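Next come two complexes, and both contain subunit A; in the first it sits with subunit B, in the second with subunit C.
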Partner chain A sequence: MTTETRVGPLETEELISGSEAIARACALADVDVITAYPIRPYDTVMQFVSKLIANGELTCEYIVAESEHSQFEIVKHASAVGARVFTGSSGVGWFYAFEALAVTCGLRLPMVAMVGNRALDDPGAFGCEHNDALAVRDLGWLLNWAATAQDCIDTAFLAWRVAEDPRVFLPCAISTDGAFLTHSQQIVKVPDRSLVDKFLPPYDRGKFQLHPDNPITIAPQVNEDWLMEIRRQTDAAMRRARDVIIEAHQEFVDIFGRGGDPFLEEYMTDDADVVLIGMGTLALPLKVTVRRMREKGHKVGFIRVKWFRPFPGPELLELLPRFKAVGVIDRDYSLGSPLNGGVLFNEVRSIMYSAPERVPIIGFVAGLGGREITIPSTRQMFEITQKAADEGGTDQELHWIGVRE
Partner chain B sequence: MTTTQQLVPLRGVKQSPLEELFTSGHRTCQGCESALVMKLMIKAAGPRTIVLGSTGCMYVANTTYYSTPWVVPWMHTQLGSSGSAALGTAAGLKALMRKAKMKDEPINVIAFCGDGGGADMGLSAISAALTHNEYNLLILLYDNESYANTDIQVSGSSPWGANSTFSPPGTLHRIMNRRWKKNTAGMLAAGHPQARYIATGCASYATDMMNKVRKALTIGGPTFMHTLDPCPKGWDYDPMYSHELGVLAVQTGIWVQYEVEDGKITLNGPSKVLARGKKRLPVEEYLKRQGRFAHFTPEDVAYFQSQIDEMWEKWWIPGVVPPGPQDP
Partner chain C sequence: MATYAVEVVYRGIFQKSLSRNICRSIVLASRLEGKIGTAFGRYGDSPERNGIPAKYFAVVAGDPVELEEYLAQYEPTEVDVSIVVDDTLCKGVESWAWYGLQPINALTKPDGAVLVTSYQEPEQLKEDIHVKDQPYDLAILKGSKSFSGLWVYKDDHTDVRILGALARICPDMVGLDSYKEAILQQWGDQRKVTSAERAFERVRRSPVEPGEGNPAEPFSFDLPGWEVMEEALVIPGIEPGGGFRGGEGGFEPVRSSVFKKFSTRTMRPVVNFETCTKCTLCWLQCPDSCFDVTPDGLYDANMEACCGCGVCEDVCPVPDCITMVGEEAFSDNDSQHDHWRRDRDDYMGWLRDKIALGKSETRSHGFHHVGQYDEESQTVEVGYDD
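For the complex of A and B:
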């Protein structure tokens, strides 16, 4: 028996991609069932998962399904018997699984999925776009957007913890920008299993476990007799998820010593006049631009939305009124929606209806199909927002950025 | 979960367990043979079984909230998901048992689907499940030859010419379903050489059907069964004739009873006798008892008969393996 004890932080630093970070999280969380199906860019996570299994570093039932529909159905059923599960997809693959995505919420089955955000193919594109994951926003999925590879591994632990909490029992998707995060390596603190065990309790399906010792019937026909009550319960679970996220986040910070605010990451917002809001890896160019513009005396800041569902409405409502103008960047579109804006833009405007003072809110659609959100384009968005602040409003509330006319 | 339950063959109905695991509470039509398949299936499998049911009559009519007939654990799965439901359940159990997170014991996993859910929509998932040798599961396709629950629409498993709400006879086209019924079990047997057991059955031959369920669950690995279930509503006949129609389907040679065990094909019961040369009943005896064929002309009946004759006379194995190119 070895008597060696480890000293120092129970973490190692490694240069890995967002996909590899999530694969490592699967091993550390002792996931029981994983299903894979190839589609770029998420599939990289499964390449790492399969290698971990092949090398004996991850023990689980690993099934390469024959479609995304089956991929998600298989883990859904594994979750029903009490197994911790992981799966994922991208773009049209996520849509191929849509039926399964929908019913998993109604069944109140926890599941963690990685979405490698990808455009919805035709006409021929598989670069980053957020419309894939956003499509389930009304159904009961917990939706998180990661910005760094560190976020990926950390959020994965949070995802299982929140999804499997009996107060929640809902599926959770971690969105990772295709290529920018799935394929880019960064230094990541990979924790020791003992730390993860401290944070993440085993999944206990309790009285809902499907087993001969507990012969329940799951998902009988309820129709108009009961469906509203059941939807209301799912709604209550999503509402409770807010507190569970806050609680889990606090404990995460206590154990791992990082994590920040649960819902929002604020960057130089304290004395800012104008801020831009966005999700995912665009945080990086935005932070650079904020620093550069501040050097020139512009009071600008950036806010990154981490959890899109549950939506950080109360936090934004408290935070945003103090700015002179707000710009919302969407890496997605919502055609025909109010102001023809993106999804996040519409949500932010909606929550700000309750604000005592109406701050000008401008929407930007940028970076579709994986087009890079460049430093000059972020500067342009700040300038448009600053102008609205200076003029106390604007005639044009929606801008597509970097489009050839 | 490396072992399976050892379910002994029954030597007659009298030996079958008295315990009912599919009890009152269901609301299927009178004379519904698919409901009988459910009852026999779970009687044969016993209480240490998890059943997954895909959308269709055996879900919608069977599992009204607060009046489930299932004594065993039961869960709905999506229309095309019987293969995935079986696989996911078996994989979940196996992972938990392997990691000692659950007591290690053989638990039967059965996923059932209709012909629409299984032979059409869910075919790829069933096929995939049948390639996963390390999981013990049975997929049972109950074939009432239509999308029955949605009001009797033609499926890939409906017989040629049958009247359905999507293939009604009209003044210009008498025959709206011009497709021949898929050979689902034969296709799955041919395509999944390592699946150890694939069989057809019919509730009119109850002991045979129950024994096939038992064999499928005992043998291990992924297995498949396909039953032909007379459906009074979809086939349009008096419910009292359900049993008789099952017998007629077999004795006219339209439905072939067989099993493929470790690649070895055996015709069973009356089908075996027919293969040895016993005279088949004319298909008309079967067709004329059902309203869904009421629009058939004598030519239609003759065409139907010719296809059945060809199957018995020209196929390598009737109902299972079609003729090879070098055959007459």
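For the complex of A and C:
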């Protein structure tokens, strides 16, 4: 029961959620193997994948595993034989698969996973927090945060393209904020298969493909004689991913006519004095607040980090020094970390150590457990950051916003 | 243009598809007028247990920037129309993620509307709907508590009938012609278009003045700050309880003062204290410990605790001692035992009246007898005759 309105010769319009958009992308990318295990809010993508299969719109091996651990193991092995794969999870489900998540990177087996961002319970909670996806940040996963349902479908094509590039061969997770993306339906432009085919070449593992005609062994015991070199190889792949992402983004914009810059989305930053930085759907209230504050003459702007791994260090290092103060919003926590700040805050501070001049950087922990990041709270964050700009620094570098005192 | 928002208040999980269909259709129809919108369910309602009050929203704006402006506050704080697809929800709703009882018209804008599918008269519904200090319209579309959209049930056209009524109540959001086109695009069924047209003609509206309605103060609860809350996720156990109404005899369990969940109820037990044999079965089997033991050894179903499951009626060995009656028949949660003690004859008359009025005719989560839903949906004014 979808009303499809043709908006151009090569795309249609649908009213779908971010999860449904990613399932659509699976069909358009001709994914071979999909594994699943239900956990909210990721399970929304399962429902739509099942529907597409039932409707004959998607042909693939669809395996509902007996746990997330098997779920991620199965796609890992499928990827080894050259199958394009899709999987995903949320919160503690993602953590249940942690062993599989960790080994996939070293084995250089590309997969695309959707993380429906969810708080790590107990206490029972399904609301959005970014700690689930961020937990793999050190392991070699490419990590991307989507902001809209349109972003979800677009990012999915990019994810396969980058992950399956022979220079990279790494897994990629698309983070979709639980509820805000997974459970709300927006108008999405769905491209024609011909456009996707033009952008996304078939997955070719070449000499690494596990096949009877190509007898190889994967993942032997290595220990201290080999492992450090393997880690260095994975590191090199992650470093190469930067250029692959830039290249893929450029081609995406050429073919689909949208997409913007690869790593950062800048909103009214050109003449801004202070900016806030964040990931995911919090971009929406931030943009509205920027517009409203600009109407009153405040020079404020917003930067959305699209790729968290590889981290857009060079881009931020070039961009941020021109502002008078920078605020970083984390929908996550990193307890006991430097300044007790969130993950993104510490990463931004770290890269800014190389800046010729120190800009005051304030950290905000907000929107945990799916709590809304409201217009008043975004204004509060701008005001705190502006104050640091006016005074050339601050005594309090970390604030919890929206917590009940 | 202005940005419009509507909410559909429904009973999870059975009415979820119905609510989703309504909200999606609004957005799809608005698109045909060059507008843009979004449709989403309130995430905090999940997972939806049987009968739990839940919400779905649709927002329609003139362009993407207007939509962003509105959605920056994700969940609407006021709506043009509050749609209610089960009239017992008019007594107020307590979602399980939301402490306190919310009046059904809590989000309705001044001069907005509450649109209810119901066989009740406006005056009856006004006894349930809490007072508001702003005027609004109460619109009634004749209909039952529909399960339409749930694949195992008959499509009684409630989804499109709501759309037709909306075109009448809130024509500037989306017009009737666009709804009709969207209905045809989605379902390809001319009869559903006719149903929408009939609803457009037949929806009845009556103004509700400030201060008019149920004067009861809905119970509420302030969420504590992080420094006050108990640490380590510990929730203190509830005391076992004591004597009936704090006295010497009987027994009354202590209950949560912040989470009552009685708005899940669509029917309630009425008890004939004259025939009760004090066998204890209702008290033992009630999953919500809703029965208070009176000093004379009777069992008084506490309406601040009863979720209306009907187990007591099933286990009661005495014919017609406990009878489930549709919630529409009641406008308060008063103690039946108090009433009986006060005036036995009056109580027995009240009991007969209530049973005559609404013996188990409507259940939003489970039916009293096989074929009940079909019987009810026959009476709906759909766009075809069969």
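Here, the second predicted complex is superposed on the first by the 396 of 405 C-alpha atoms of A that agree within 3 Å, B and C clash if a C-alpha of one lies under 4 Å from a C-alpha of the other, contacts with A are read in each partner's own complex, and residues count from 1 in each chain.
The definition used in the following text is that contacts are C-beta pairs under 8 Å (C-beta built on N, C-alpha and C of every residue); 3 or more make two chains touch, one makes a residue touch a chain.
Predicted model only: the values in this text are computed from it and were never measured.
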Side-by-side fit of subunit B and subunit C on subunit A, or clash: fit
Contacts of A:79 with subunit B and subunit C, given as first, second, both or neither: first
First (subunit B), second (subunit C), both or neither touched by A:123: second
Which of subunit B and subunit C A:340 touches, first, second, both or neither: neither
Which superposed partner A:284 touches (first subunit B, second subunit C, both, neither): second
Subunit A as apex of subunit B and subunit C, Cα-centre angle in degrees (nearest 10): 90
First, second, both or neither for A:180, with subunit B first and subunit C second: second
Winner by number of subunit A residues touched, once subunit B and subunit C are compared: B
Touching partner for A:63 - first (subunit B), second (subunit C), both, neither: first
Shortest CA-CA distance in Å separating subunit B from subunit C in the superposed model: 26
Shared contact residues on subunit A - subunit B and subunit C: none
Subunit A-facing residues of subunit B, complex: 47-50, 52, 59-60, 63-66, 68, 70-78, 80-81, 83-85, 87-89, 91-96, 98-99, 101-102, 107, 124-125, 127-128, 132
Residues on subunit A engaged by subunit C in the complex (per definition of touch): 1-3, 5, 13, 15, 17, 40-41, 122-123, 126-127, 178-180, 183-187, 284-285, 287-289, 370, 372, 374-375, 403-405
Contact footprint of subunit A on subunit C as seen in their complex: 21, 24, 27-28, 31, 36-41, 43-44, 46-47, 68-69, 71-75, 182, 185-187, 223-227, 233
Subunit B-touching residues of subunit A, taken from the complex the two chains share: 30, 32-33, 59-61, 63, 65-67, 69-70, 73-83, 85, 99-100, 103, 202, 210-212, 214-223, 225-226
